[in-house]
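Note that the chains are named A, B, C and D in the order they appear, and that numbering of residues resets to 1 at the start of each chain.
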């Protein structure tokens, strides 16, 4: 049964190889090959899942050793897969949602002449992501870690002819690289501390190491997580990443890749548990990010950017939960899964809307779309309800648990974190309602105005038969796109309830992550009540602002906070000024230094020797008598010196 | 008379000759100065031979004369041809090649 | 007396060089094919060496030893350890690609006299360099090594100065002056290094009385040959200086950008992927074995210099406008890693460094040759002259992207393995340096991706729009390299198996052992 | 031999008890002096040829005579060496005047070979365009006629050639053969003059650029005479010091191991002032000949002005002879006062190495460039001389042999590159030579690389040998400075290579004359020796080290 694990990765990898090397002759069927491969992987996943369910909780860990990768003395890196409950959960999420999005893309990318390559990249991503969650040691995980980074780079920059896309891709990769640096340092620390970096021994002996070392390792892992999961301070890339095609945003930048950070933290739970300081930092990062993302989400008029902000903040929730330790691990993962469903659904919905609106992304040019694209409206709506945590839907259960856990942390920090979580919930409700209202309700602001966003790619489907200045006529997307949305909608409605039924998700994961009930100062009921209140407040304000009065189709100047939020709270500007400009100056001056100083020294010596030569040359003035003088002097010196030598 | 004085004399002559080589322009004169130096050497040889009481020095003096004579032959040949070409025997005029 | 395999491996290309040079002016193509065949035959020989070499056998294998210049205590002694074998294989592997890539680089534009034969010369010189590089990898006699270490400058010098890129922004006249400047700079830098080393070589003779690496190393080990500390340090510095120039190590690096910028892509590859490796190799083989104490004494300074090289090279690469200069500075950064790994004095570091030499050779070859193909199409080296290439030449762009990813050492590609090994190896002994070194990873991503973005993505530049995609010959050059990159990235074991024992013995020469982990997590 | 017998060659008659009755003839080992005697004889024959052979056939006669003489002399040297006169049977011949030992024979062999190759370049008659249907060599039609005068034109028209150069060459060679084997100061002086005077003359005999040629001759002559005057005075001093000019005798006095001091000497005997002054002055004379700073200034001018074949021969053979004499002087006569002259020679070596290399950088004339490079090389050789060890001697011998072939070859190549005004010696004219005639350029490049001391050339082997000896002799600083100056030197050799290969050929550039087999042999021999000594020097090193013991 273990041997199946490799196939999980192999299938999409093969697909990627075939599609990328296959050349034009595969254009016709490429997308189907891709979808097939990911579905195959999903099927393997399901089989393995069934197999795991067959075993009892303790033996639900499958190990598959493939080959020895890098053997250098004590440094032994193997290519070994580990399938346990945690990775199983991810496998199902990745392959499941992945396959759906493959299907969706078949329709969405229909008119793109590079569709084959797109599916190749998607498969590549699946392979890397599966490698990430299946790896049995940190180095192999690192491979998957950077692999997904590469895939996201390729996919964000898929429309490379758009400079903005290329830049966004590069930015994403670079910011991720900073995080990866953390991961690699963490691995080195592990090797220096434990002499290995395989999950088993490291996590097993975590407690033997000094706390200082562990804290260091944990913080480095956190840095990595921040990079991948767009947590403050490395969140800046996620917004720009929306340059990629919408399915990409749905799969990579909502459902799966960005949650890898959470996976890393939960997976390394043993280390974090032994390093409370690090855990505190994790929670802080989570809390900050969940507010940060939420606030940014409120201000964005670009529907995808708004959703991106919300993704950020939702992952903030997960990180917060993960930071809480055994109290929170399970719920972090649970929220991760449910979020995977509804956020993917929301993005697909957004994609479908854009599809119908000639790739218009500005929500101020939407409005009243519900009667034009009903399916999209319903699925999107369900996703909306799920994310704001409407009672009974999946978001409700997962998020609620996290808030409880936050309070359960205990002490002042418990209160603070809990409060943040609650506020976050309110803001979430607000900006999601805003998105909902601006998109599907209100008067139809897209009427009688050309809304072809200037740098929208010619590759985009609608553009093909729509002229430059044409008024959009919204229409429902084809089946191949709506079906995945419907499936995901189901997920976002029922997943939470299903998981929570008798805490089955808890019991499923517990063997891996461990679990402990904190001593919550508040009863579950009160927390739920508080959450509800926040929710109502948020929705109410949003309705008051966007439901009652018409939405201006050009953004008003807005308050200082709003303007800051539109610019990602100026964090990008900071990067630009400090890092980009500073970097440019640094490199330019270094180039100068290299040319003048380092090279100058050498050339200078050469020149000075030359000059000396020129001067000494003058002595050779052609007059025999001056030569005689030098000889005479020389002789005199010679004699004198010889005598002197004897004297001394 | 103390033969050492002759040594002093020869040293003096040698120096005079050398100085002449350094300060005089006319190739012929320069050449004569060199001859003077050679003669100074001869004087030294003879003196030493006298001091040592063996004849080597005097014999060597003869050899020196012969060599000097040969030198004169060659030297004059060269200097004369130079003079005929340039109509001047000044050493300083012959400075085409420098630097 | 078995068949002198090592000698054959070195002599074959030498003969090939002479033969190629002798091909009449008219038959250019014949010369090309001859050179290609010779290089392939050499590759075959190198592979036999690889096969005949037993990783767990003696330290130096396939040894040959003949009297040569008794007066100088010099013997003709050859022998290879794992490190040498790996590098010989790399050299022999790369040359055919270099030849193939340079197929048209030396076709004469104007015909000088009828005896003027640039094409023959070009390929003959390449083969000559190969011969000298291989024999300097094989030499276990310091003097023998030195001779070829120096002699290889001459053919390199003619390759750099004699053959440049066709089109040049400032016209042919300026091109030739810049070329000869680069060539002279290359030669003088390395010659000065070599001459300083010569003084040290003589000093070594005065101290040791012979040049046999093994004898001296043994004598050092069993204490029968004692060097005064100061003497040893001076000699070490003399040797190291030459190698640091060749490698090149900051601040002795400035010749490399000029040389690589002015020479054709294949020659640039020859410089950075093959010839420079002799420098790092020599550090590993000669500096550490002959002067273990001095090496340890100098380690801190050298590590800092290596670190500077890494960061400095990367930052300068970011600042470049010229594609080839960018690659050159990237190489400087990479050599920093190699040297860091060598002087970290851990098995991971040194195995990593050796592996790095191989991988860097392959990846740079792929990257630089592709850049060369790109440049040959547009006739400009300036990054700004390109844009949107991937639209018109997707295969070129795709392969170039892989080269880029290899340069920024993406996991799954060969360079990652070596770079990580070097970093880990350094970290275990010098954590701070290891950590700063990792910044190199980020910077690498920066310059590599900036180059890719500026040239390949964005709107298609009009001059680029008619650019043809990779031709078959070019694909033949690139594809195997890329396959190799992936293979060694996924399964480097074959190489590490060969290298590890050699590194082990080198470490034992300097009496160093890997630091022990804090927790014994793995059951031994 | 007993001290009393020293110098009897010159003085027997004088010291004899009663003059008339019996003159006991000096004992001369003619067989062992045969090399010199052959050459001298041939030279005299050459003079007779000038006198009696009709002008048309003189050239051939002279070439034939010289060729035979040199080959025979070389054969004689080889024979002597194989008889073991270089090693076991080494002794002092001709009543103490001439030493027949390893260094002497080795150097004589080298000089003879250099002379032979030089002879080829002398006899070359294909380079200059034929004047009035007569083949002409590189020497003046009629040295006596004023440049540009009618008489010269007439001489040219008549197809005169200065065939006197061949006897002159032979005389010079004869002097050079004696110079390094001279075993007393008088012989040294005579030999010095014997080879200098013909050289002075030959410098004046250039066919083209006669003004420069004559100027070179004058400078060389005056300065040379000046220097020899110093030498002579130094000899006088030493004579005064030791009461004898015999090396052995002086050496004994220096060591204080003198046998039977006669009271008359007591006055000056062992007066070190005399010794030191005399030694220094003789050294100065020899350093002048080898062209060491600060006695080097004649070198560039003379090298530039003299006919190139003469320059080549002079540069090679004079150095060999002079260094031979220097070695013998320092190792046989003055070893006892090593601690006095070594520091001085250190200084000389250093300034010579650096001075030569640095000034050469800015030269624009190829012959001057080579002149300065020869100065730098003199410095390197001095480093070996200073080693004062057996290795030092052998390394110097080897270096000299290697160097002389490279030099002659290089100057021979210079004769090939010509334009309207004869040889195109200005560097700018050499631009792009590699494009026009790759072969010649490549050959010249080989010579330059040998000068620069690149491995696999004889230059490297020699340099390594010398530096190694110096380092072993405890002169490590010298080695370092030597290395630095060779780095500087490398720069200008490379400049020439760049010029030849990488710069665009000038439209009005020079043409490369196709020489006769004579020059081809000279150049080819140069290349072969350069490479052989570079790749497999062992045999010759053995030869040198066998020949590295002076007889006392």
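Heads up, the rule we're going with is that a contact is a pair of C-beta atoms (placed from the backbone, for glycine too) under 8 Å apart; a residue touches a chain by one contact, two chains touch by 3 or more.
In UniProt terms, the chains line up like this: B = NADH-quinone oxidoreductase subunit K.
Everything numeric here is computed off the predicted structure, so don't read it as measured data.
Here A-D and A-B are compared, and the pair linked by more C-beta contacts is A-D. Chain centres defined as mean CA positions place C nearest to the mean of all protein CA atoms.
Averaging Cα coordinates per chain places subunit B and subunit C 65 Å apart. Separating the centre of subunit A from that of subunit D, both taken as means of CA atoms, is a distance of 81 Å. Averaged Cα coordinates give subunit A a centre that lies 97 Å from the centre of subunit B.
Once the centre of each chain is set as its mean CA position, subunit A and subunit C turn out to be 37 Å apart. Contact of a single residue of subunit C with at least two other chains is seen at positions 188.
Contact of a single residue of subunit A with at least two other chains is seen at positions 606, 617, 620, 622, 624, 628.
Each of the following residues of subunit B touches two or more other chains: 18, 21, 30, 91, 94-98.
Contacting chain pairs (ordered by label): A-B, A-C, A-D, B-D, C-D. The residues of subunit D lying in touch with subunit B in their complex are 7, 10-11, 14-15, 143-144, 146-147, 186, 189-190, 193, 197, 200-201, 204, 210-212, 214-219, 221-222, 225-226, 229-230, 232-233, 235-237, 239-240, 243-245, 262, 264-265, 267-268, 300-301, 304-305. If you check the complex, the residues on subunit B that touch subunit D are 7, 10, 14, 17-18, 21, 27, 30-31, 34, 37-38, 40-41, 44-45, 47-49, 51-57, 59-60, 63-64, 67, 70-71, 74-75, 77-79, 81-82, 84-86, 91, 94-98. Residues 617-618, 620-625, 628-629, 632 of subunit A are the ones that touch subunit B when the two sit in their complex.
Of all residues in subunit D, those touching subunit C in their complex are 394, 435-439, 449, 454-456, 460-461, 464-465, 467-468, 471-472, 476, 479-480, 483-484, 486-487, 490-491, 494-495, 498, 501-505, 536-538, 541-542, 545. The touching residues of subunit A, when paired with subunit D in their complex, are 606, 609-610, 612-614, 616-617, 619-620, 622, 624, 626-628, 630-631, 633-635, 637-639, 641-643, 645-646.
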